[in-house]
Each structure stands twice: as C-alpha cells, then as structure tokens.
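Okay, so chain A shows up in both of these, paired with chain B first and chain C after.
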Partner chain A sequence: MINIKIDNTERSVEEGQTILEVCRNLDIEIPHFCYHPGLSIAGNCRMCLVEVKGMPKLMTACSTLVQKDMEVLTDSDLVKEARRGVLEFILLDHPVDCPICDKSGECDLQDYNFDYGIDKRRSIFPKERHKVEKVSEKIYKNDNRCVLCTRCIRFLDEVTETHELTTVDRGAHTHITCVDPEGLDNNPFASNISDICPVGALGLNEFRFQKRVWLTDHVRTICQGCEAGCNLNVDLHTRQTALDPNLGPVVRFISANNYSMRRFFICDEGRYSYSNYNKTEERLLHPELDGETVTTEEAGSFLKEALSSKSAGAVVLSPLVSVEENYAAILLAEKMGYDLFRPSPYRKDLPEPALFIEKVKAPNHNMMKLLEIPKVTDMETSDYDVVLVLHSIGSIRDNSLVKILSLLKRAKYSIVFEVERSEFSENTKLALPAPMFLEEDGCFINSGKRIQRSTGGLGYPESVQPLWKWLFGKDFSGPESLLRKFSKEKLGIELDYDKIGQEGVEL
Partner chain B sequence: MKKEVKLSFWDRLYLPAIIVGMGITIKHFFKTLFTRPSNRYTVEFPERKKDLPEWYRGLHRLNTREDGSIKCVACYCCATACPADAIFIEAEDIDDLDEGYPREKRPKQFIIDLHRCIFCGYCEEACPEDAIILTNEYEITQLSREEGLITMEELVKTPKKKMD
Partner chain C sequence: MSEYVLFKQLIDPDVRELNHYIKLGGYEGLKKALEMDPTAVVEEVKKSNLRGRGGAGFPCGLKWSFMPKDDRQKYFLCNADEGEPGTFKDRYIMSENPHQLIEGMVIGGFAMGASVGYIYIRGEFKFIADQLQKAVDEAYAAGYLGENILGSGFNFELYLHLGAGAYICGEETGMIQSLEGCTGQPRLKPPFPAQVGVFGKPTTVNNVETIACVPDIIRKGANWFLTIGPERNNGTKIYAVSGHVNNPGVFELPMGTPLREIIFEHAGGILDGKKVKAIIPGGSSAPVLGPEHLDIAMDFDSLKEAGSMLGSGAIIVMHEDTCIVEAFARLADFYAHESCGQCTPCREGTPWMAQIIRNIENGDGREGDIELLYDICVKIIGRTICPLGDAAVFCVKGALDRFRDEFEYHIQHKKCLVENKVAIYG
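Then we have the complex of A and B:
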C-alpha cells in the first residue's frame, strides 16, 4: 500500500494499479472511451487526461501507474479544458443523431458531453458520411458515430483472437472495417462488441429500433445457459402502455462487469437466450391435478395429503433451479426422511474458441456437486410413494429424464414443480407452477464455486408460488431467509444478499 | 367533509330567489338580443367559428419535409414525455442514404389515442425535429373508441395553424 493524493485528499492505495483503476475503486469518475477493464490499454482516446504534479503535461489516467507520493488532480481547470477539447474534436465528425441512435441513454459520449463538453460547434465544415453496414447477421456498424477507441478491435484481437476488424485509412478518414471475408458470423462472442462500444457505432440488429433504453427497467442476474455463471444486465419492459403490442417482458440481455471474477463478456448463445423467457404458450400458470386446472387450495390439500402419507419418498432436485428453491426441497426431504437425488445436466459440445462457455448447461450444477447429492441414475430402488421433481426452463440428460419419468409413473403421489409444460408435468398427478428465474430472487453457484445473486425484477403471477411457499408457507419470510439458513447449515458461513452483493462470494 | 349551509329566512321562502335568478337570465337574454352578433359573448356554432389564439392546443399534426416525407424520426421523445401514455410509436429502418441528409429511421406506426391525450403539449416541447405540433383544430369528436386512435396518415393531414 502506498499513499497518494487525489484531488488534495490523502488516499492509501494498492501499488501496481493505474490512476483510472484507483479512481474507479474510490468512485471518482474519470471519463474514458478506449479503456476497458477486460482489454489491454490503448491510450488513444485522450479522454482520461489528468493532471499529475511534477509532470510537464497532462497524463492519461488509464496508462499511468500510481507511484508513491503522487499528487493527482482529476477536476482542475486544465483537466476540464482538456476534456472540452477532446470532446470537441470527437464531435467534429460525429453526426449527433441521438434521437435515432439506439445507444442514446446509455452512451458514454452523450453523458460526457453533457458533463464536460461545450454546447456549440465551432467548425463550419461538413461532416463525413458513411453508410450503415451490416458486418454480420447480428451486428451493424455505423461509421459516422465511431470515436475510434478500438475497443472492438482489441476485443477481437485479444479475447477471441480472431482479428476480424481493423482500422483502415489515415487521419480524419480512419474507419473500422471487417477484413474477414466471412464477416463476424462465425464468431460465437461477436455480439460483445456492441456492448463495449462506448457510442452507437456498433449495435445489434435484433435490438435496432426496437426499444429506447430509458423505457426499460434494468436488473442484474446470472445467465442460465451454463455453469459459468456470467453476470447479465437484463432490460425488462414492465411498463406496458395501452397500445403496445404484446411483446414479451424481456427485451435483451447484455453483459455486466464482474471485477472479482475478471469477467466482462458473455457468449452469443447466452445473450440471445432471452427469447426463451418471453414464451407464454408453454407456461404453466395454474396448478394442475391429473391434467386439469385446480385452485391453489385444492393443490395445497393434495400436497398435504401426499406429505402426510408417511411412506417412502424421493426428491429430485434440479441444477436449473436456484439455491433457495432447491434448499426448500432439501428441507422437506430432511424433515420427512425422503431420499435426495439430482439429474445429470445436459451437456453440449463447445464451439471452437470456447473461452468462458462451459459444457454443463445448468446454472446451479455446482450446488448439487457441493452437497454431494447422488445421481438419479445411480438410484437402487424406484419404489417410492411420494415423488417431488423440480424443473425449470432448460434440459437434462436423456437417461436422467427416463429415470425420473419412470419414478413419476410408479409413485402414488407424484408432484412436479416447474415453469413450462414438459414431459414431467404430462406424467404427474400434481403439477405446481414455478416462478422463472427473472421472477424471483435466487442464488446460483457457478463452476468457480462462487455464489452469485440473481435479482427477480418481474415478479411472479398471482397463481404462481415459489416452492418454499407451497411447502412451508409462512415459516420463511422470503428467499433471503432460506439462503441464510442454507449458508449457515450447509456451508458453515453466514451469508445474506447484502454480503453476496453484485459480484458474489467465493465459497 | 360535509359543509352545512345555513339558509336565511328570505332564501327559505324559495320563490323570491327564483324570481331574482330569472331576472338575471332575462336581462342577459335581452342584452344579447340587442347586441350585434360580432360583439356577443356566445358564438353561433357551427355556423360561426371562434378565432382561437395562437397558443391554443388542439389536434396534433405531424409535419412533413419539403419532399413530402414525414419529419418524425421515431425517437420516442414525445412518447416518453407524454404523461398520459397516449402516443404509440413503432420504428422502422429505412435504407435512404442520401448524401446530404441521410435518414435511417422513421415511424412505421404513429398512433395518438385522443381519448387518453390531455393536450398538455409536452410532446411538442420534447420533439427534437419539430415534427409534432398541436394545431388550432378543436372539432375532434368521435363516435367510438377506435375512431379516437389517430394514425400517422391522418395526423399528416391535420390543417396547419393559420400563422404557419
């Protein structure tokens, strides 16, 4: 630890960091375009210039390491002047077409120009015009808006190492071009470049002109695609107006930065999986007894009857369901002396540069592994009278599926708790509707043994209840109380949602 | 809260108050009868129409450019500013890359629900392209809810303000 002075305040900071990183951790804003925590340092946008005492000129905060007794000024007149100048240069050839730009509302250039820029354009020369170009099936490029931060180029060079984009021409005519004849179509991570673009130069065709970002609500969740547990920011459209067509509530998934995991990007498969959560035809919305819709009370009385039968029972947990819901099922099994099993999650062959995609396609598979729950395929007998199966959107392996179906068919009381209608709810006596992952708070344990929190921003429909409500009613006040009990009894540490925070806790 | 009104003896007699009231009505009747029509307070609508001030906020109009294309770029600023959620826009991509004025976006649908609209003029205020304005047109009645949904094609045809 070394002592430095930032804006005349003594700070004790760790050595080896840059000024920008130090300031980010201290919540001091330094505007920047080209710096990205997941990429190498380019230092070409000149937006992060700060004043360092003893240096003849302003220094770029993104590339200057902090040193002992350094004195940094991030808000002096000289720095403000420099920012104004840089913004004026960038805006010389920027169309300022915010009304039609899909980035507006979350655009760095827009924010910085409001905070540090000048209102008036001094240049009288016309701006250069380029055509909007589709660089792949998924991504469009608008050169007019580009600020040449080269984040996209560095992402493709350093992270995916596929080198599709590069800059061509010189000076004011510099622009970004796709040099790969196949475009970006074969890259399973390409859509990240629309997230990391600080302006609206790169965007997703699917989101183009669909929705303005300020009309959506944002929640932070965990990707359900595989056990990697990438962080997502989800845009939800909850404020439906009278004339809006009945679009789904989930507008898009974008990547969220997780500094403690050092992960800033997501795969395209996860990004475009949002449409799975907009389907309504298959959704199980009311409890069903023998295929017929029943009320919550009738379902509750069947559940009571099943749980009071005092016969052997089995609970099949799900790697697709959150820690809290699984733990509610575990609590039931412990109380009634039922046997616990887990299905084997679905595995998929990985695309060529796999990076952070995992083979196991279930977000909570590591909870099952952590608690050493036996596989359902290793089950010795299958004579159970009471069977409870948890399931969610996603798939499990075929041999587990067959085993669970045979269990359900043999049982006297078979109960399935799931989100969408599947083979399970077709072959069971009682099917209980479950909230999906965006509808309730829940935690997931990823492949790096990190417990992370997913926020439910949607809220579940009235007829749907989480499992702990079905089983224990008012014994628990909410999912957080289940997590507290789970962490205390199974992990031996005290955890709550505040402690897990946005970035999770390593177990 | 219930407010109790104490009536005086004179009011409780009922008839004198009625006579006074009728007196006022009849006075106004004759006053209007012997005034020239242009000086009267009332207007013989719909034969005569009142000249409305310039700032009057009536039916919306979508302005067009010189070449006849619609000025609106479907930025949703008006829909965002609208306190009554009366504006519905669906955007569309256009591949018009004119050298001088390239356009990318235009509305595919632009619907104003006149039954929701409160004619506050925020949409006009928010519009970055001067595309939507509220005109002096005030004869806007419909016979059904559906007729109150005014589409883009109708909004373009709204007559301009006199001063424009």
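Then we have the complex of A and C:
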C-alpha cells in the first residue's frame, strides 16, 4: 500500500494500479471511453486526462500507474477544460441523434456531455455521413456515432481472437469496418461488442427501436445457462407503454462487470436466452392435482397428508434451482429422513465449452457437488412412497430423466415443484408452481465455488409460491433467512445478501 | 568552408563506393570501436554532445545508454522516413555516402548490444533504397556486416525496409508499428522503445544524420567533435533550404551558422531580390520566424530561445509576396491529412483547424475564427498520444502569433493583404 493524494485527500492505495482503477475503487468518477477493465489499454480517447502534480502535461488516468506521494487532481478546472475539449472534438462529427438512438439513456457520451460538455456547436462545417450497416445477423454498426475507442476491435482481437473488425483509413476519415461478416455471424461472443460500445455505434438488431432503456427496471442476476455463473444486468419491462404492448417482461440480458471474477463478457447463448423467460404458454401458474387445477389450500392439504405418511421418501434436488429452494428441500429431507438425490444436468443444444462457456449447463451444479449429493442414477432402490422433485427451466440428462419419471410413477405421493409444464408435471400427482429465477431472490454457486446472488425483480404471481413457503410457511421470513441458515450449517460461515454483495463470495 | 563530416561526396564524388570510402578513413571508426568496450563507445558519443538530428535534439549518447544491459535480443533502427515537410537531407547521405550510415549502424549496434538493424526508408525513396542496398551488399561482402565482423566476434545484420508513405511513420513508435507490419499508429508511452520496442524487444531509433555522425566521432574522438559548433550543440548540421531562394539545396555547415549566412551566402539570397517575410527554421512543425531573426544562430538552443526549434534543419523561406494564410492553409491540410486517426484531439482537431484556415483563405472567415483557432490549439497541444498534434499546433499557432494581422485582414476584407501574391501549389 502506498499513500497518494487524490483531489487533495490523502488515500492509501494498492501499488501497481492505474490512477483510473484506483479512482474506480474509491468511487471517484473519471470519464473514459476507450478504457475497459477486460481489455488492453489503448489510451486513444483522451477523455481520462487528469492533472498529476509535477508533470508538464495532463496524464491519461487509464495508463498512468500510481506512485508513492503522487498528487492527482481529477476535478480541476484544467481537467474539466480538457474533457470539454475532447467532447467537443467528438461531437464535431457526431449526429447527436439521441432521440432515435438505442444507447440513449445509458450512453457514456451523453452522460459526460451533460456533465462537462459545451452546449453550443462552434464548428460550421458539415458532418461526415455514413450509412448504417448490418455487420452481422445480430449486430448493426452506425459509424456516425462511433468515437473510435476501438473497444470492439480489441475485444475481438484479445478476447475471442477472431479479428473481425478493424479500423480503416486515416485521420478524420478513420472508421471501423467488418472484414469478416461471416465470422461475426458465427462468433458465439460477438454480441458483447454492443455492450462494450460506449456509444450507440454498435447495437443488437434484436433490440433496435424496441425499448427506451429508461423505461425499464434493472436487476442484477446470474446467467442460468451454465455453471460459469456470469453476471447479468437484466432489463425488465414493467411499465407498459402504448408503443410496446407485445414486449415480454424480460427485455434483454446484458453483461455485468464482475471485477472479483475478472469477468466482463457473456456468451451470446446466455444473452439471447432471455426469451426463455418470456414464454407464458407453458408456464405452470396454479397447483395441479392429478392434472386438475386446485386451490392453494387443496394443494396444501395434499402436501400435509403426504408428509404425515411417515413412509420412505426421496427428494430430487435441482442444479437449475437456487441455493435457497434446494436448501428448503434439504431441510425437509433432514426433518423427515428422506434420501437426497440430484440429476445430471445437460443441454445438448448449447455450444461447445469455450472461453467462459462451461460444460455443465446448470447454474447451481456446484452446490450439489459441494454437498456431495448422490446422483439419482446411482440410486439403489426405487421404492419410495413420497417423492419430491425440483425442476426449473432447463434440461437434465436423459438417463436421469427416465429414472426420475419412474420414481414419480411408483410413488404414492409424488410432488413436482417446477416453473414450466414438463414430463414431470404430467407424471405426478401434485404439481406445484415455482417462481422462476427472475421472480425470487436466490443464490447460485458457480464452477469457481463462488456464491453469487441473483435478484428477483419481477415478483411472482399470487398463485405461485417458493418451496420454503409451501413447506415451512412462516418459519422463515424470506429467502435470505434460508441462506443464513444454509451458510451457517452447511458452509460453516456467516453469509447474508449484503456480504455476498454484487460480486459474490468465494467459498 | 569547414570540414565535411557527413557530405564526404563533396571531397570525393565516388565515396559511395566502398574503396573510395575507405580511402577517406572509412570503417576506421568501426575498427576502433570494436576494440573498445561497448560502454566506452556510448560514453564517447555522450561526451561528444551529439544531439538527435531528427527533430527533438535529444542527446544521442544518453538515448543509447537507456538500452538495458541484459542479453535480450535488441534492435537498432534507423529512421530514414524523412517526412517532415521541407526536409531533404538524409537522402543525400543515403545515396551519396551510404557507407558512413552503415558504419554508424554497426558501431551503434555494437555499443548497445543490438545484433539486428533496420533502416526504415520512406517508400518514395525506392531508388535511393536500391543504391543503399548496393552499399549494404558491398559491406556484407567486405565483412563489415554479417557474422564475426572484422574478426571481433560481433554479429550485425542490417535490413532495409520501405515505408508506405505516411508522415506518422516518422514518429518512432509509429515506425516500429509499421515495421512490425501493423498500421502506422504511434504507441502509448511508457513503455518506451528502450524497454519494449520493435517485436517487443528493446529498441533504439535514431535519425540517419545522427547515426552518420558516429563513425567520425569514434575515429577522431569526441574532443574533435566538440571543436565544431557552439557548446552543447556540437557538430555539423545539414541545412536543407527551400522556398523563395535563388539556390535552394542542402548545405553541410557547422551547427550555429547564422541564418543570414545560410540564406544569403549559401542559398544565394532571396528570389528577385525581394524581402524576407517568413522563415520556417526546422521543418513545417517549427514555429515560423520573421526577418528580425535573420541573425539567429541555427542551433538547438538558440532557436529554442527564439520560440522555435531546429527540428530537422529544413529551412523554408517565404518572401514578401507570399500569402501567409494560403501557405499555412496548405500546411494545416497536411497535418489533417497525415493524422493517424487514433486519438481524439488530433484526429478531430487538425481537420477542424485546416477547415477554418481554408475558410479564411477562401474569404469565408468569420469574426472569432482566430480566437477559435487558438482555443483548438490549446485543446490539442500536450493531449495527444504522439507529437503530431503538437507539431500541427506549433505550425498553426506560430503563424497566428506572428501574422495575426494578415489573418484578420483576410477575415475582414475577404481578400488577401498581399498584392501580386505568388502561387502556392498543392
């Protein structure tokens, strides 16, 4: 640790970091376009210039390492003047078409311009115009808005190493061009360039003209696609407007930075999986007994009867379901002396493991491994009177599926707790509707043994209840109390949602 | 006339041939250097006060001493891009006295422990590169290049590389990028080339003229070099005089020769006996000087004191019938055209300046344009990755400072202050 002064305040900071990183950790904003935590330093936007005492020129905060006794000014008049200068230069050729730009509302250029920009154009010269171009099936490019930060180029050069984009021409004519549209089509990570674009130059065709971002609610969740546990920012469409009556509640998934995991990007499979959570036809919304819709009370009395039968029982947990819901089932099993099992997760339509796509296609598989829950296929007997199966959106291996189905068919009291109608709910006595991951807070343990929190921003329908409510009613105040109990009893540590925070805790 | 250090072709017109070069003491410096300790060679160059002739005037020996002393592969690069407008000096060293450059490269390579050298020549100099290649082949055949040079056990390979016509590739990191086969865009410093240069290895880049000074410094000793030119600005300098003079050309003179002597004695005075109006002393990036500076000594420190710089020593003379606005509109266009497009202030600022000056020149200037130009200058200078932005500002701001009245006249009267102005082409 070394001592430096930032804006005349003494700070103790870690050595080897840049001024920008230090300031980010201290919540001091330094505007920047080209810097991205997951990419190399380009230093070309010149937006992050700060004053360093003793230096003849302004220094780029993104590339200057902090040194002992350094004095940095991030908010001096000179620095503000420099920011104003850069913004004016950028806007010389920028169309300022925010009203029709999809980035509007979450655009760095827009934000910085409000803070530091000039309000009057001083150039009288016409702007250079380019046509909007569809560079791939998924992505469009609008050169007029581009600030040439080269984040997209560096992403494709350094992260995916596929090099589809490059700059061409020189000086003010410089622009970005796609040299391999087919490559971009087939690149399983290409859509990240729309997220990392600080302005509206690169966007997703699917999201184009769909929704103003300030009309959405944002929650931070964990991708359900595989056990990598990538962080997502989810835009939820909770305020219907006359313009978009047909939009589902989940508008889009975008990547969320997780500095502790050093993960800043998501795969396209995960990104476009948001539509899975908009389907309503298959959704199980009411409890069903023998295929007939019943009331919550009727379902509850069947549950009570089943659990008072005192015969042998089995609980099949789900790697697709959160820690809290699984733990509620575990508590039941422990109370009743039931056996615990887990299925093997599998999804054959997903791409091969690459970069941050993991082989196991379930978000909570590592919880099963951590607790050493035996596989359902390794089950020695199948004579259980009471069977509880947890399931969610996603799929499990065929042999596990067959085994669970046979369990359900042979049991006297078969109970399935799931989100969407599946073969399980068709072959069970009681089907309980479960909230999906965006409807209820929950934690997931990823392949790096990091427990991360997913926020339920949507809230679940009235007829739907989480499992702990079905099983324990008012014994728990909410999912957080289950997590507290789980971490204390199973992990031997004290955890709560605040401690897990946005970036999770490594176990 | 002083002695010729670099232009040995003026002593022997056939010095480009190896045996003629050797007759004039060629490769003696190399022999002497190879018997010395590499650090002693660096010290000798340091002692000679040899300063970089490419523009910045950075002490050459000091630059060499920045190279790490470990046994990593190191590279020695010669910057023969000669892109600065008005400069045409290095070409005559390469075409007429190429062995001196080659000898300097080998000595430099030996001093810094670099076993590979590249000469980055601008693409337009293809015919010069061919001549230089001939000399390189000769030097290889005679054992001055290649393995075990003169039985010393030192190896040095020398390659020529043709540029593709970009001003920015005269900037050392831009050149390194171009040499690697990438787009010629300067790199962010630090790391400096002495740590991470071409192909990620320690690299030193020097101008042709600088390197060509080295053999004689080693052969005759640093003390001999110190006898030429004023203190801290030692040696001879090649001045390339162009513009409105009777005898434009290149002249090798001791550093610190008065500007008046260069223009009126060597370059034959001003065309048609007219008066001097403006002199750019060191390539277009040096702030322009006026007739009152004619008695200035042409060396690094004197010009710096006068608010300009020696740069590459390219003197552009403009006489009284020149429209300054037109001339600098042309120069501002040059910088806008040559900006690499990487960092924002230069990419956007240089064309904006060029557009405004072109507008003023066309009679469409508006009140406040001059203040706007000054403001753009402030927003570019010192805020770019490489010095191209600074160079454009020096050029434009120098003209605004000195000839503000002419710009104002253009804006107010929508015409040129100069009657019967001479044409500027391009």
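Observations, loosely collected:
Definition applied: the second predicted complex is superposed on the first by the 493 of 507 C-alpha atoms of A that agree within 3 Å, B and C clash if a C-alpha of one lies under 4 Å from a C-alpha of the other, contacts with A are read in each partner's own complex, and residues count from 1 in each chain.
Rule of thumb we're sticking to: contacts are C-beta pairs under 8 Å (C-beta built on N, C-alpha and C of every residue); 3 or more make two chains touch, one makes a residue touch a chain.
The structure presented is a predicted model; accordingly, all values stated were derived computationally and were not measured.
Applying the stated contact rule after C-alpha superposition, one finds that A:Ile100 touches chain B and leaves chain C untouched.
When the two structures are aligned on the shared chain, A:Leu215 is found in touch with chain B, with no touch to chain C.
More chain A residues lie in contact with C than with the other chain of the pair chain B and chain C.
Contacts of A:Met1 after superposition on the shared chain: neither chain B nor chain C is touched. The interface of chain A with chain B does not overlap its interface with chain C at any residue. Those residues of chain A whose C-beta lies close enough to touch chain B in the complex are 97-100, 129, 131-132, 208-210, 212, 214-215, 241-245. Chain A makes touch with chain C in their complex at residues 41-47, 49, 56-58, 60, 63, 81-82, 85-86, 88-90, 92-93, 122-125, 147-148, 167, 169-174. Interface of chain B with chain A (complex): residues 73-77, 79-80, 85, 88, 90-93, 97, 99, 102, 104-105, 111, 113, 116, 128-129, 149. The touching residues of chain C, when paired with chain A in their complex, are 166, 183, 188, 336-345, 347-352, 355, 359, 366, 372, 378-379, 382-385.
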